[in-house]
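Below are two complexes that have chain A in common, paired first with chain B and then with chain C.
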Partner chain A sequence: MVQEKLSSLTLQEPKDKYNEVDDSELIEVKDIFIQLANKLQTKTIIKDPNFDLFEGTHSLEVNNPKLDSSLIKLTTEEYKFDCNIAYGSTEETQNDALNYVTAITERLLRLVLCWLNNYQTLPTTILSCRYVENFLVKCSNETFNDIHVLKTNNVIYDKVLNSCVIGICYFAKFAQDLLKSGVIFEEEDMNFNIMGLGSFVGLPDQQIILQLLENGLTTLKEIKDGRTERLAKSIELTKCFVHMEDHVVHFSTDNQYLDEMIEIAKYLDTISTKLEPPMGSFSMGIQKRLANQFPPKHLVDPDNVQFSGFVTLAEHVKIVIKVAKSENFIEILQFATYFNKLHQRHVIARAIFPLFLMREDRTVLGKYSLDGFLKSHVLDLPKNATEQNGDVDTLIQPILQECLSVLFEWYQNSSQNTCRYRQGYNRQLLVWDSVQAQLENMHSQLLSNLQLQVTNGQDNSQSLDYIMSIGAWAYSMKITSMIEFSLKGFDLEIYKPFESYSLFWYSHYLCKHLTNALLLIISHIQKKKDSISAMNKKLKIESWEEKGKLRTQYHNALDIDLPQFEMNIAFLNYLSKRNKINESLCLVEIIHFAILKSYGIIDEKFPAKSKFVDDTLLHNLRFKPFSSIGSPPLPEIEMFQKSINSFMIKAPDFKRKLNELFKYVNKELSSTTEMIEEILTSIQNGDLKAPLYTGTRLVEEEAVEYFTYLKASVKNLENNSNDIVNKLGDTPSEELKSKFKVELEHMPGSSRYFPILCVKPNTPRNKKQ
Partner chain B sequence: MPIIYKPLDINNLTHFNELKKLIDADLSEPYSIYVYRYFLNQWPELAFLAFDVTEEEKNNSNNVDVSDKVPIGCIICKNELHRFSRMRGYIGMLAVESHYRGQGISKKLVEIAITQMESNGCDEIMLETEVENVIALNLYENMGFIKMKRMFRYYLNEGDAFKLILPLTEKSCIRSTFLMNPQTPVL
Partner chain C sequence: MEHLKLGDFIGCTLYITLSKERFIQGTLVAVDSQANLLLDYVWERTITKDITNAKYNDRLMGLVSVPSDTIMSIKITKTKVNKLVTLKNEMLSSIV
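For the complex of A and B:
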């Protein structure tokens, strides 16, 4: 019976259910437990079916010092520490209270940096502060109603420190909200192990906290002591934190508090006097006392952390909110493309970006409807284009919804950390493919019904054009995602040198397809531009009644659609040029690989001997993300193998052929440099010179740096041609195979998408490998 | 020195404690007893130990009693159906006592484990390793594993990690989405 009762117990029992139980009704279960446990076989594991390896690796172990935080040893000062004692204000040490509170606040602020900028955990940073723990424990109680939690009878503690602690907790709550919104990832982007104190139920609203901080500053002003200025800076800095949510809650574009944050952080870094907080005020104790789901971890030492970390935070948030100044969708698109591309932005800035851009009120930046924003990306659609045919419109709506969802995913992906960024494309390319396939299917069905509908007096040519435009856009987005996914792997050092050939060859193949896709869109727009001109001619021959209607249409097209089309063509010219740069650089990488293979020092097949290796399987696994993509189709492995042979140099006349190939490489690189220069000029001149429109006004610095890096890659590839000959000579030999190997090398200041295939001496250790 | 390799005897508590010691000394992530039991009790046939023996014992390795010997290396693995689509082998832990490194013991342990997982019907073998762990990366990449993705701040010691896969059958090369639904044609 007891066993049955035990098995019926759950963890969800209300806490007070057994309050009324009489002690005499309770029985000792220890013996039953031991008796049952003895019956278990060694191989038995008692676990919930949902408790898998992930839970396992996060499980703790009682009495294991590495895993049991209850075994943490605290000092006497830590045990005795009391938040309601005003340390430093006894008769002997009364002047120390100010220094103590200054030290506590400064340490706390440095710990915020350790938490966010250095990706440390909450318990080892801000939660290690006893005042933070004290406040959060009280604030987690639903009956909490007094924000004046410190009762030391010393205003520096009770008013100043208290306000700082609450302000920082308010900011922590904001960070928690960012995590909950799903735009950044817990653990990898930010740790939020709040030790069971994350309800923040008693946390007052922003205005009350700002007032509290203001009162803290007033209190400091009333103290006639020159040292208060230093402490006041920490309180002012905390006020800046409290304002951080304004960008997400009120979509504020106000920079003032960010500038203040920068100024204060710089000031605090000029102070060299180090102050020590009271003993025991920062402690691992919270890990011992509260609900800790993680192994014990030593506290982070913030002493060497510079306040300038806040400058990074503020500058990056300033960058992100600049997107509000965009004048058209291309500027938004380009902003998302470049703001986080070369350098990963601060996690708070990265989290703010998608929430600031794509708002809860179902607008983009509060000025574009979702539908309008989506359609503006389809460059060959006239502004405000809508589907006229009701049946087609009904059918296309779910596809447009899918388009919108993947487009938003694209924007959100642009602010992800560098590793997630690549994974995002892995998911997206499937959705783009599905969207494109659905549109193509719809297009062919409509086309096959066209004859019938024409006889019924309907003209579906506009519908066909509408579907084709969206399809062509989805296709170009898909290929762009595929290229980005492939080349980003070089940046993340995913590929080995032997794989680089197939990856560059495939990327080159994709670039070719993208070129065609972009040209097709340009030709669509050109046709539409021509049709606007044709309206003028039609105007001359139409009857008087028709003329008025047509004239309005003509002027609308002339004033709205034509400038839009011209800008879109200029943007497409830029996209084509950027794609051509990628294509050329891939080609040069392919040629370098083929040359090195001709010397016999690298092969596109797996280089080591292993009984488990199957080259076809390795190739197919590498190209798994693309295996289901219908268009452009993934070439068969034989195509990859054949292609390299066409680039290789074979005897006789190796030297001459080599020189010719290098000449070709130099020519390709030289035209690549010209294209980069052209784009750079356009960016730096504010896109004033047609025929390019880069739309990078708001991310000029980032875009210039991106293309400057590409220019450096061109130079590196040029130098690598020389390096190959210098190291290997102009004739292949057996000796070279054992003397040299090839490594993928990322040169500083150049694009990480195009590492060079660097010839390195094969040391004995390498030979062994 | 001669080394022999034996499957783990799950009932040998000394070996269990020794392999735990070997791994605890090396790995960046502290594991609870549960993690060891999770692997070893469910897949005891996928845990192998390496022992330092005499030449004579090596020559007679099938009959050597290792029950009282201290293992100097071990590998711990599992295999399971992944996303209802393919059998995935997973190398969870690998450690060799520091004095015995550089002799190919790790490589041999990995080979034995992969062979066992292959015979269990695995379509692929997967593992994660720290980006900074060049020795482990060289070991696995030379055996045919390729890096599939990089994971940001994956470990408690804050380092990035790579996920590596060794494909054993064509199923490894098809997205799970297209393997899960029997209606979906396999490309």
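For the complex of A and C:
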């Protein structure tokens, strides 16, 4: 019984409103609390067992001006501000209403940019507008049914400003939908602290809002005042916002409103006259009045924000929807690889990409079935693989589902922000590993037990081959993810110089494995190509009855599979070259590190002395994401240590050995440049007939930039070889250890995956560190 | 109430007056030896008065720490206190 009562006293459910309790129902307990507290020892804290005190550090302290939003001081104008007054429309200030509304809309639009482009919060940007707050408070009420919210009796406010405010709220709702769909993330991509106003229950449909905006424009046309043109531009810009959802709701590829957005934004930036909104129309007041679990924050000043931020938004959305023009899956794959690679695209564009690509109707771009799309990634499968392998397909369906979900995760990851991107690979590589392991198991089971009874004329070898193809693809995807994960850490500057050796060595090791995996796939395709040629020979010796059937098969293979295989081989050649470039650059980084270690100015071991840290612990922590990966296995720390010794230069004859090593580096770098040039030529010449197929037609600019950056990295590494000798001379000495240190330096215009190991003077301040 | 300890009030809704114009209510999750309180699911009511009438503003504040010296009064419903006392007495008698 006591237990039951105790359970009834657990933490109460959150309430949805302030609870009115009659004072006669309450008992004062303040003195009892103080008396009981006095009996406690000074450092004692009594707490709910389910409550984590760490959470308590996020609490808001009442009466602390830095934390308590109730203490925000508002001006008289802010207190008295009334959305139903048409400011500037009194007899003396008749002309100011137009300027006021223009100023409000322009400020509001600039605040949209502060929110989206500068990652500011909603309460300090668009929610600071009293008209937005006024609309959202009303619209959150389920009984809301009149969208003509403003009742000032001035059409500029009631029709024009009202339509702009509702349009922007509609766009905010769209942004909320994007967040809810899980393709972008709260806080890291976009702040959506809507202060309890996020239900948007009364928000009308797109068509109604567009009509409202249209009516606003008509109203402005009827006003005979030259200044209306400026305000009209803001309303037209708002219309563009309202259309933004079309790419996700109707999968529209229409650029028209995006072009309009660019044009209007450029026009608005040409206007230099600054207009002031009515006093109190933008205020911190909402932080004081509405649900708020955050400390007070000052409003963002949007005055210096250029409308050209909308150009970025529109341009980036235009880039994203270009993926609809893809002609084959390779172009989609390459689009995803490069569109967000070097420069992080606008958050709205990044959110639209996965939703536009992988649609709710279970198609990719509305033209590929999920199954077909998945199998097209397995480059050595013929186009008609589904039909040929019906029985095996049934058997491996659960694995294929897993493949599909991790493939989609790969695509979704390509549009993530730069930090999330690396984390995404971390998650994926475990799934790729699991998929590959399952396929390998199935392959060996089939091989040893011959359990599968193929009924539709196939033999087991085809089924085995089919499973092996998917397994080889999963393996190559896994290693690619591992390389990307490792090298991305350099871009994010999470590695210390002493760690760079291990990471470059491991990436080099992975590149070697990827080379082999890609070669294996190429040889599979080659075999299949040969078997198509063999069909022709077989045709000559078959009987008349068999000939007809075989001829059809042969022609199908010749018309469909052969061109596909040729394109896939050309694409694999490109993938191999790209991988070889990474491999070479990693190798050069390793050699540079070994040379610097030979001079004694860096070591791959943890530089500080600590009884809590040792190199094995650090190694295990650094490579923890790969610790459970079966293939390729993670080498032991001893292997890393052993390999650096093989690259190091030891006396005697240091100078000669150093020169030889640099000669080797230069040779490696010049062959890397050649490979980059070859890829660049292939990209720029539209590469279908080239030995390489890059599939970058839709992201030519981005791909060219990517490889140009790699070329710059080659040059930087080349220069670094000279820099090392210039600074350190050609003989190591004890003196160098105290004089110099090594830093990882990212040179502008070069690949951030390959920073150079730069020799820097060791200043006294650095010594102290 | 003499048998009650501070820990017994954990989980109870407290009705706190901070000033004549400001009240908060929330679930007590922690308390220290200076009677500083940590409340969760806090709702705040502020009253603004002009010449003619008073206006209430209620809002959610979430997790809030309330320093002891900012508190004018702490109240709890009689029903809750009675429940706590009865439970405490039952627990004590079952121990005896």
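Please note the rule applied: the second predicted complex is superposed on the first by the 694 of 769 C-alpha atoms of A that agree within 3 Å, B and C clash if a C-alpha of one lies under 4 Å from a C-alpha of the other, contacts with A are read in each partner's own complex, and residues count from 1 in each chain.
Here is the rule we go by: a contact is a pair of C-beta atoms (placed from the backbone, for glycine too) under 8 Å apart; a residue touches a chain by one contact, two chains touch by 3 or more.
Bear in mind that the values here come from a model prediction, so they are computed numbers and not experimental data.
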Mind working out whether A:32 is in touch with chain B, chain C, both or neither, as first, second, both or neither?
second
Tell me which partner A:622 touches in the superposition: chain B (first), chain C (second), both or neither.
first
In the overlaid three-chain picture, which partner chain does A:664 touch, first (chain B) or second (chain C), both, or neither?
neither
Which partner does A:614 contact after superposing on A: first (chain B), second (chain C), both, neither?
first
For A:418, is the partner it touches chain B (first), chain C (second), both, or none of the two (neither)?
first
Now for A:70: first (chain B), second (chain C), both, or neither, which partner does it touch?
second
Please indicate which partner A:59 is in contact with in the superposed arrangement: first for chain B, second for chain C, both, or neither.
both
Applying the document's definition of touch, where does A:295 land relative to chain B and chain C: first, second, both, or neither?
first
Using the superposition on chain A as set up above, list the residues of chain A that contact both chain B and chain C.
42-45, 47, 53, 56, 59-61
Chain C touches which residues of chain A in the complex?
1-2, 5-6, 9-15, 17-19, 21, 23, 25-30, 32-34, 36-38, 40-48, 51, 53, 55-56, 58-63, 70, 196, 289-293
Chain B residues touching chain A - in the complex, by the definition given at the top:
10-11, 24, 29-35, 37-38, 41-42, 44, 78, 92, 111, 114, 118, 124, 131, 138, 141-144, 146-154, 156, 158, 160, 162, 165-170, 172-175, 177-178, 187
If you look only at chain A, which of its residues touch chain B in the complex?
42-45, 47, 53, 56-57, 59-61, 64, 66-67, 119-120, 187-189, 294-295, 297, 417-420, 422-423, 426, 430, 492-496, 499, 606, 608, 610-614, 617-618, 620-625, 627-628, 769
Interface with chain A, chain C side, in the complex: residues 1, 4-7, 9-15, 18, 22, 24-25, 27-35, 37-38, 40-41, 43-46, 57-68, 70-71, 73-79, 81, 83-84, 87, 90-91, 94
